[in-house]
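In the two complexes below, chain A is the common chain; its partner is chain B in one and chain C in the other.
Showing the complex of A and B:
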């Protein structure tokens, strides 16, 4: 193949000959910028090798001290904390699921037909969702004092936003025909919702609530770090006084509890959906 | 006609009885479920000290607190300078400082996502069932990733603050470690769904395991990985904004201070900034993710 035919092909399909000088330059520039940012941030956040090395050494010592995990003398407190976390998650999710049902109906397109009302309502829910649960917990600790009640309220408030949205979507996805059938048989609008809509969405709502209970058990176990009750308070205290073997015990207890809750709630959810 | 009706009557009665029995059974199951829930509820209320009386007493305090957090903006002074009370500038009078902290938080999230995902990228290949060198290695890496992601970030952060000292370093490492576990699983599942024909091609041409991973699997799953990485970044920006509560850097430290000292109006200002950051990151990352998925579709 002569040079001229190669040039012809190069002109015809430049992509087959690899990236051109322009593209290569851009790539190089992008890589250089990324590296500059990367090294700059590492320097800014003080990622010095000595600091990392010392930290890893400290971490190694902590891990050695963690073995064997031991419940310590105040193991009743730890168990109580774990029970408190699960109770917080249950109560918070239950209340949120209860309140989210009417809110979900209000946010659903096929129930509330006034667009402006529904739109602004949904934005309020979005705002509630944007705030992390830990921030809510901290605010409620200030408002109602230290203790599990603040945790319950934090879970309740942050879940309302998400659950109401999920419920609204479930209601929007429901079949219209059943409700129409009830209305055609002479039932009112309310009866249509009760017998035409609710039986369709109730299993979905219940399954979602259970799913949130699972995820809330996880988050309820750390809310105590900011003083909102539960096992988080115990683990933060143990870390403060460097009882690492008890810390390890609490972490293992947390993992087992979360796994057990997942298993139970998963079984109930599957039964609900099959039924 | 009459006879046929009479002979079918027992069937009707039996049907009716079966229907009533089924209904009774269903009602009993529902009642039992309700009773169990009620017992759990009472137990939970008792354990978490959420008595109706305390809840009732706390309600006005909650409204008072959230009322105080909200700024009093005045319409006539809304766009006045920072010296005028009731203006937005007065509300956000420490904006430059906070903007820096938000930038720091975002950088923490990016760095943690990249570091964590780099670890998951390395561990995802041995953790994928279809290409793992042996069952033992597959199980070991899978269990390791599981262990990484079951411990909450805040717990890592609490421990790392001890080991690495107070500051963003502890927070970044904590978020990175959790992300490594969470993304490792997703990456491995993406690899398990990859087409194995390129793999066979590379290995039959004499390519090593690493070469096959690099040239047969990676090009297929890269858009997927990119999409998961961005999704993780959205999650991590939320975590990075609160990980400062335990002294691990970012805007969280400032928020914790402001809430502890009851600087009411500053609380709402910082929370608003965090919400704005989170929402804008979500929007940006959604567009980027759609672009990544678009590339995925184009390669197929």
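Showing the complex of A and C:
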């Protein structure tokens, strides 16, 4: 192809020949800033190959101490802790999912049409979401004392915010025409939501709640570390006295439990989507 | 010259293509017809080696295509450009980049990974698009285009490969009559530039009016091979056991198109 015809095309469609000098400069600047940030943080946290290498050595020693995993003498305590964690996750998620349904409808643009109301409501949800589960757990341990109740409340409060937002978005993405069909048949506003919207979003809601149950079982183990009950307490105690073989046993137990929940919830989700 | 010798493909116990032998001289426009499941798609896909043959050989200008591996196979695929019923464009990429995909085989890997195409390649792609009146759409995302426009982009992509052969698998089955005509005209123009074109068609009228030669398949075997004039209604009944109307209806249904969509061009 001749230079003249290339130039002809360049004159006709300059944008087709890649970014111009201005755009290229901006891109370069953005990349430079990003790299500076990346290298800056590495430097600030003193990431050096020797430190990483030494840390790896320490980790290796711990892993050696973990083999073979052993349930120890207090294995009944471990089992109880695991059951407690799963129960905490279940109770917290179930309550949060229940409360999040009305809240989700209140946060959805197609349900609550008063912008100010919806806006302020959504900001409250943002606030609940903005505080991490662990902070809630610490607060509830002070408020209701050590034990699983604090953990359940922490899961409950932090998940309401997230689930309500997810539900609200599912409701906003639902098809309007189906609800219109119910309205056209003489159903009221509430019945329109009940028969026109809920069947569309119910599988999404349930699937999300199941996901949260699964991930909360994982995080319930952390909550125990700050005194909010469950398996975390057992694991923290054993790390303190360096019983690494028992720690390994608890970790394996946790992995099996989460995998089992994942498998079961996956089957339920597939059922729901196909039904 | 494309020579196909006793080409066979089995899927489990089912034989999709059963001992097909064809000799196609360079520059011919061949229409492949047949009912649903007759093996048209499998035959075309085997030529590009998207589907591996179970038995038989494909020879192009003396080279055994069925034995190719790695670099040589990719080179062969570049020379035998495919066009698909569903266009197979990358929906989230712009039209220009989709057309430049046709160059990937002929350029350095690393600069391709970073989408660093030269000004000459971009101008070539724009020229290819301009041939189908799509230069103005070059910077739009592929999914903003209509089906007919997308198929023309796919043909532009195929031409960027500098192919010797075009394999079009039901190129107009998903298009309306007007766009079908534009796409078939484009294929005929490409054929007149000297490229061999193999096109699977569900519509007999289209096949008769555009192709130099028609190959009819039934249950994986060649049941007719000759000029369109010889493929009379009587001959259709003879090889398929149904009337031409029934055949057309059934074939159209199988690809999800409306029957007899294209008037004589």
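Everything that follows uses one rule, which is that the second predicted complex is superposed on the first by the 214 of 275 C-alpha atoms of A that agree within 3 Å, B and C clash if a C-alpha of one lies under 4 Å from a C-alpha of the other, contacts with A are read in each partner's own complex, and residues count from 1 in each chain.
Quick note on the criterion: contacts are C-beta pairs under 8 Å (C-beta built on N, C-alpha and C of every residue); 3 or more make two chains touch, one makes a residue touch a chain.
Given the structure is predicted, the values throughout are model-derived calculations rather than measurements.
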Query: Which partner does A:106 contact after superposing on A: first (chain B), second (chain C), both, neither?
result: neither
Task: Would you sort A:13 into first (chain B), second (chain C), both or neither based on which partner it touches?
output: second
- request: Specify the partner with more touching residues on chain A, choosing between chain B and chain C.
  value: B
- prompt: Touching A:46 in the superposition: chain B (first), chain C (second), both, neither?
  reply: first
Message: So in the superposed three-chain picture, is A:166 touching just chain B, just chain C, both, or none of them (first/second/both/neither)?
response: neither
Field: chain B versus chain C as contact partner of A:5, first or second or both or neither
entry: second
- request: Tell me which partner A:233 touches in the superposition: chain B (first), chain C (second), both or neither.
  value: neither
Message: Applying the document's contact rule, which stretches of chain B touch chain A when the two form their complex?
response: 37, 40-41, 43-50, 54-55, 58, 61-62, 64-66, 69, 104, 107-108, 110-111, 114, 150-152, 154-155, 158-160, 162-165, 167-169, 172, 238, 241-242, 245-246, 249, 255-256, 259, 262, 267, 271, 274-275, 278-279
- prompt: Contact residues on chain A for chain B in the complex?
  reply: 38, 41-42, 44-47, 51-52, 54-56, 58-59, 62, 80, 83-84, 86-88, 90-91, 94, 126-127, 130-132, 134-135, 138-140, 142-144, 147-149, 151-153, 218-219, 221-222, 225-226, 229, 232, 235-236, 239, 242, 247, 251, 255, 258
Field: chain C-facing residues of chain A, complex
entry: 1, 5-6, 9-10, 12-13, 15-18
Statement: The chain C residues in contact with chain A across the complex are 96, 117, 119-120, 122-124, 126-127, 135, 138-139
